[in-house]
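Quick one: structure below, then a few questions.
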Amino acid sequence: MELREWKTILIPYEYAVEELKVKFKNIRKELRNNGEYSPIEFVTGRVKKISSIISKAKKLNVNMDEIEEKIEDIAGIRIMCQFVEDIYTIVSLIKTRKDMTVVYEKDYIKNYKDSGYRSYHVIIKYPIQTASGLKEILAEIQIRTLAMNFWATIEHSLKYKYQHDIPKDIAKRLRRAGDAAFLLDQEMSEIREEIMRAQVMFEMKSLT
Amino acid sequence: MELREWKTILIPYEYAVEELKVKFKNIRKELRNNGEYSPIEFVTGRVKKISSIISKAKKLNVNMDEIEEKIEDIAGIRIMCQFVEDIYTIVSLIKTRKDMTVVYEKDYIKNYKDSGYRSYHVIIKYPIQTASGLKEILAEIQIRTLAMNFWATIEHSLKYKYQHDIPKDIAKRLRRAGDAAFLLDQEMSEIREEIMRAQVMFEMKSLT
Amino acid sequence: MELREWKTILIPYEYAVEELKVKFKNIRKELRNNGEYSPIEFVTGRVKKISSIISKAKKLNVNMDEIEEKIEDIAGIRIMCQFVEDIYTIVSLIKTRKDMTVVYEKDYIKNYKDSGYRSYHVIIKYPIQTASGLKEILAEIQIRTLAMNFWATIEHSLKYKYQHDIPKDIAKRLRRAGDAAFLLDQEMSEIREEIMRAQVMFEMKSLT
Amino acid sequence: MELREWKTILIPYEYAVEELKVKFKNIRKELRNNGEYSPIEFVTGRVKKISSIISKAKKLNVNMDEIEEKIEDIAGIRIMCQFVEDIYTIVSLIKTRKDMTVVYEKDYIKNYKDSGYRSYHVIIKYPIQTASGLKEILAEIQIRTLAMNFWATIEHSLKYKYQHDIPKDIAKRLRRAGDAAFLLDQEMSEIREEIMRAQVMFEMKSLT
């Protein structure tokens, strides 16, 4: 496929990422305005690089004309929260929305990976209006605490360096860092109730 | 109504303005990427100020509980184009979209106002997902050339200064400036075909 | 020169464009906050594309190791105003600043080009802190009315299309459009005093 | 002091925050472009709220005409890093710059507070060009790891809730969360060398 063709395929995914980022950021704004606690701390998004789409397609034995149905994370949204509990609140919230449909979900928090990876993934269908009409695309929403996100960023760099084949001693250290991140999340959950009430007060004061 | 209540009312309008800005900017991006001419030059948007909503409600004899149905420009989008012809292209394009519905339209270009005001207004219905569910709101899209926009900015300041009662000699000078803006648009239309072809070439080159 | 070398050369220019944009936008903000009229309407900036730097160097017989001294518009800032008078206010203002030094200036408004091009160009020296120390670079500031800018955008596309060799009849039409833009600027200047006073009132009201 | 006077005082601080944010983000961009590791992960900034300036002035017995000399964090910049080691790299880097002067520094990492607070603070003088000439202002740069930042956000909310008088059991839990954050930073430092080399490779690949 040539660059121009790729660009044509990827444009609705770019739109979806932009629209979804605006929408999730707005949830935070609305809740804080209403004096309610926001489970969303911040939101990022990206369209997968062409080279990464090609690698993934090869790895999964997906033909070029099937990538749009079979590669679910071409459009990717990441939502960061303060507390593990917030993750589940966000998942419920996504399910009530009328402007996107949940296809399936993977709970890598209750079932965390051997590597130490923890996150909640939701695959959605999302309608996009393009120059040539309405189109439904797939997008992946990853929901994590700040500590999970910190760890995952590091793991991503290491995986990349070692071509997905991290040496044993590094992998071991990485799992220890994962444990430290997990511990931080647990300590946080314990003071959560206090903090939540404190933050709502804080938001309300800064609005006035 | 208190400030907090106003904020709650205005939040879906803020969302709509953000989403619509993203959507119209994306049309431009998509067309340019496809090597096609974009009728959209730039896009701005705003939510009407509370004080302006109140003034307008008084002027139109609208009760506070009817403002959402009767004041159509609480959410306002403005699309600027290079050529008068582009305005009509954009209107057609809005009508084909599935994610907004045209309620009615006013062609102040063919039927320009005595003051010299020229623009095309389209009132749409737009669905917004809020914390409390899906809601349909009204939004006004104003479509203008750059010259029309320049003139309208000036008129807006003068109207404001003179409390909508511009002195005769100023109004006369303003109409002359309006004529000069109109002349510029006409000269532009004459070289339009040439320019359009030139610009498509330009975009395509800058993509490679 | 390789892409990586180009990137290293261009980085201080990118910084300069970002910093200068912030600084000129802030002038507008400060004046409006003080209830004074701002001669600056909006500000854009860009670093010249590598391909354009190379073409210009060839055309001007400039060696690759001299481009930083001899090509003055690698960093380019454009300031748009409502009135011709504002352009001269901005030029004076640039001359009083301690954080940039004017090298020379070209008044293409009093001495407009045959093509119809009108603008005021100021070449400055600007200090930039990079990873390897402090560096002084050249930057070009173009100051124009909105109407001049509109015309110049069109001319740029046409020049590009015809490789700087615009056919006679197109060039003639372009000059007529230039005249219409000039006329609009003149009409504007006549109502300027009124408008200026109106806008200051407008800004003050919207601050309160 | 009236709102308008406050705005006039605060404008140079707003400029400083904007300029400093641009400058520190550019360091990251430049290093990554050169294929070097960036000690800066992300940068935020804010001007202190008027109400907070007034409270701090009262607490420190500072007169209103002395606030610009005696309150050092009216302009505040926060730089987040992945590793504790990066903090010291950034401090050295600030000291070599010609466009800001270090007034003094406080190492709350080696000497962390009883509360559990850890961060490195650098107070700088920074020149700002305003409409009325050049002015030197004070600004505070806080440098932290992501884990320190996470903890400090939580502490800030709790301090606010309890009016700086956090109940003993909450304070104890907070210190435990601080320990967990510290442990995470330590685990991170251990795999740092590996990660640093991995990330440089990652950046270089994504540039090509």
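Each chain carries a letter (A, B, C and D) given by its place in the written order, and its residues are counted from 1.
Everything below uses one rule, namely that a residue touches a chain if its C-beta (ideal position, glycine included) is under 8 Å from a C-beta of that chain, and two chains touch if they have at least 3 such contacts.
Computed from a prediction, not measured in an experiment: that's the story for all the values here.
Asker: By CA centroid distance, what chain is farthest from chain A?
Answerer: When every chain centre is compared against chain A, the largest gap points to C.
Asker: Using the average of all C-alpha atoms in each chain as its centre, how far is it in Å between chain A and chain C?
Answerer: 41
Asker: Based only on mean CA positions, could you tell me how far chain B sits from chain C in angstrom?
Answerer: 27
Asker: Using CA atom averages as chain centres, what separation in Å is found between chain C and chain D?
Answerer: 35
Asker: Using the touch rule from the top of the page, what residues of chain B touch 2 or more other chains?
Answerer: Residues of chain B never touch two or more of the other chains.
Asker: Mapping chain-to-chain touches, which pattern fits: line, ring, star, complete or other?
Answerer: Ring.
Asker: Would you tell me which residues of chain C are touching chain B in their complex?
Answerer: By the definition above, chain C touches chain B via 49, 82, 146-147, 150, 153-154, 157-158, 160-162, 170, 173-174, 176-177, 180-181, 183-184, 186-188, 190-191, 194-195, 197-199, 201-202, 205-206.
Asker: Along chain C, where are the residues that touch chain D in the complex?
Answerer: 7-8, 11, 14-15, 18-19, 22-23, 26-27, 29-31, 33-34, 97-99, 127, 129-131, 133-134
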